[in-house]
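You will see two complexes here that share subunit A, one where it goes with subunit B and one where it goes with subunit C.
Take a look at the complex of A and B:
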């Protein structure tokens, strides 16, 4: 069912052609307009694709968002700094932790707050566990999009084991609200390390099975090879980041390039691929999932077992952050996640802009790659870009 | 990026484009302001000549008290690991702005969002008037400071019995210092 993306056949110059497709005459009877989503098993969250089809080939695609719009950025302008940390985690449901970290980090940077060493390590551990949970969910989604439902059962059950760890560590499974300005809310409970290592061992073993079952599967290969090829020339003009860029051989990873938290004390290399299609991106993410397990083990080996996990903080009822401006970013599972914050010295933030990688991956990139695809492959393509709508509409 | 290289670049930009309000927030982030007439050329030059090839994001800050919007273009140089925040101040009263959709593929999406959320128009930006998040929105653009979310919510959805809310600061004062009437600082 896979068809080569039409743009890949037109050479490199097409990669830099940002023009919008010409509207077609639907009354001619030659074309069909079809909506995929917002309620559809083959879509990543509450968003929809407005597809124009000629036969079963997509000739036009428009991404529609807004189904989850809650105006987070506006809400944050009307809440105090401490109130906002309960809001930010809701911006990306499968990866709330990156929002918690970046919001806290931006506030700390503008306030000149240094967090204790133990908090640095606990945050790193928390972020890597989040990465692992998110990747496990994604692997299941990608496999399911190609019609193989055994793998999601495995990966989602192991994601639940990671959520168990979150529950122990933070008291919550999804919205942890664990990383707060000044540090984290708690240390690790007794016996956590052993349980975490057990989960890592079983997950690693399961990933070996996933590799055999999913990546050596003839149907997966047939449907993902050649699907949604990202021309390396598109990387900068389209703002492509994270595994989508690394799968094309572009070695960019904020954890390595601009290290934050304890990443400069961990041993790892940037993983890159050479296949720019959906299969290459899936392989890339599988390797990064394994890398994440390795980083979690390193955190457990090296993190301090005692010491403070919260810095001395001002009274939150009277907390005014000095006037300033900053942009902080971190490498989430999909690439660069950033918080731009402007403060004016009052108790309220003047402006927060949340930069999520899905903003370009799900709109500009998706609309481009979908053209030329077979209708049956659109779900697989969309999942292969790993997008979350809430971070687009914020 | 080392300080000398950065200063040389900024000095050059100052001469060519008359940039002002240069602030080095941290070693990897500098911001400055440029006038609208120079901004388009400056941004293109930064991308093509100075290798700020990555558009991190594009956003807007509403300075209602000064009657201006400050557009922010955050650009990143991967080689030098340095970001530049370019501020362009425009009037809040319907001033039209150049479009950068020919420079980055995702720029028109940002511009479509800014049109919807702030009412800013970008010249020749594709699909500018298509709805982004909001459908059938008939109020003032909601990210403008004068848009009152609470008032809108009350008017649109009405009051629901059984719900009350407190001003957190006042409420906590009373909780923490009940014997002093909640006036302790």
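Take a look at the complex of A and C:
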């Protein structure tokens, strides 16, 4: 029997049962308390899971954050607007670009800055390349969590090719700091388009092999089918967004629902699935990876090759943003990513709140789905939710 | 076998020591070779051939300042004793006086006992560490071992019935005269059942849950370090090569020289490697269910096949 969640087995009404589990008597010898993390290969970052086991079955899961000790939001209040670019990108290491974009976009909205058309396309290209790199890393992580190490080596080597493109485009592989208020820092280098198309071709071919080896694999199916089923009734109460929601058949994607940048000029449909388990979520992300490759090609086809990529900006050393507040959002690989920003007309931001999808996925959803799982499946389950703990602990 | 004099005993021990050295070095080298093959499949270069030797030597010469109790330290000793004991009763090169070890009538029983002995000793040691990951790893490892030993035991029973002997040397002798006499051909169901069990024995995917880094790091050896970890690494090479030699003897006609031994054992090992790089790992309950289904059924079939076809 696959490790179906106890709550989902009992019907839809149980999905919205927020009651805490009964405390167990650990001294009875019947239960084991086990910590998974913060240093653990089966954890996705700086957090840990406090698991209560009855045999191999998890009967209680409590998440613990607090291992990052940075406080990004507070750090930003003590830095000028331009200095914050070294901070925001670190909130989500595998895909910092979404933070750069949203921070810039919020500042632009409050300052009333219009960015040039070429910058719009360059930002779109940059975000989609980031999505591709992040998905490639995730596919490797999910496969590795189930003990298949061939696929991670393939996907991570291709992610490196995408990082090569970032290096050419932005001068950096991970923390690009490429999208700045007013546009982007540079245009595309000579020959970039051909090299990008080559990387897309080889990545697409590799994804075909991944599909055969990982997704058409009886053991992968045995491990992931029925694991961590998200009841569609949980979507709104738990704040589930992105591929986790779309895999349940919920057609929500900010790129379509509230288009930003050049997404309204790109041809694509929202991909949805019908399997709400870990396998369904993996399949969803594989299809979205392919969609991302298609969008990158469309960007390369349609983007203007000439023109300014940066609007006229004030002297950043004495830059004051008018008082106001705004909430901007974008669709990152894990769903809705949002920045709420308040300014008071000074050189510093008054308050920034970052809404990362990991907050709900890694805490409330994880604590719910873990109960009833086999202890061996907990790493696969956590990865299947695609979470980055620094987003939780901003 | 009764040895006539003390000199004969010393000769035998000397010969076995030589065999032990060769098999251990071969196991370490093959480990590096296999790692390089896996790396090629994964698009990497892989480790240098000397890496397993460096790992073992580095750990062997380290000392520890902490104590987990006597049994914890005896765990790796039992483990390697199991590996050495297994090799001691397996004739490595057929027809060779030097490399026949202490092979004697009924050695097949002894070998199977020693194969269990090391793992049980290790389980006791790991349990003494008090680490919950070790305990969970031990529970998983022993559960899976119990499961894959069933088809293996059935396959062994089948060939014992087929050849009418419990002597590995006699079983190898019965397979001489060409590949058509190998158990692989004459009793293919037993070979198939044993090879499926072999996938579980090697500890590669899909049956490596007891050592899984993601699911529980790192299982039984979690707390082992320094020289004790070195002993475990040494045993992994020795025991791995020894199991390959046993399988070669029981099912693939044995070997009359080292080149033949290396070729055959390498090919047998490749079965586990090919499966290992292409599959994720089963959970322990899934693995147990797997072994109790098809492999066990084939194992039972192999006994019926011997009784109905080969000895009828």
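Please note the rule applied: the second predicted complex is superposed on the first by the 392 of 394 C-alpha atoms of A that agree within 3 Å, B and C clash if a C-alpha of one lies under 4 Å from a C-alpha of the other, contacts with A are read in each partner's own complex, and residues count from 1 in each chain.
One rule holds in what follows: a residue touches a chain if its C-beta (ideal position, glycine included) is under 8 Å from a C-beta of that chain, and two chains touch if they have at least 3 such contacts.
Fair warning: this is a prediction, and the values are worked out from it, not measured in the lab.
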Broader residue contact with subunit A after superposition on the shared chain, subunit B or subunit C: B
Subunit B versus subunit C as contact partner of A:65, first or second or both or neither: first
Partner chain in contact with A:133 - subunit B first, subunit C second, else both or neither: neither
Subunit B versus subunit C as contact partner of A:213, first or second or both or neither: second
Which superposed partner A:34 touches (first subunit B, second subunit C, both, neither): second
Touching partner for A:349 - first (subunit B), second (subunit C), both, neither: neither
First, second, both or neither for A:145, with subunit B first and subunit C second: second
Subunit B versus subunit C as contact partner of A:83, first or second or both or neither: first
Where subunit A meets both subunit C and subunit B, residue numbers: none
Subunit A - residues contacting subunit C, complex: 32, 34, 40-42, 56, 143-150, 153-154, 157, 213-214, 217, 219-220, 222-223, 374-380
Of subunit A, residues touching subunit B in the complex: 18, 20, 65-66, 69, 71, 73-75, 77-78, 80, 83, 109, 234, 236-239, 252, 257-258, 317-318, 324-327, 329, 336, 338, 340, 342, 350-351, 353, 355, 359-360, 363-365, 368, 393
Of subunit C, residues touching subunit A in the complex: 41-44, 132, 136, 205-206, 208-209, 212-217, 277-286
Subunit A-facing residues of subunit B, complex: 23, 25-26, 28-29, 31, 53-57, 59, 61-62, 72, 74, 78, 81, 83, 85, 101-106, 108-110, 126-127, 131-135, 142-143, 145, 147, 149, 168-169, 172-173, 176, 185
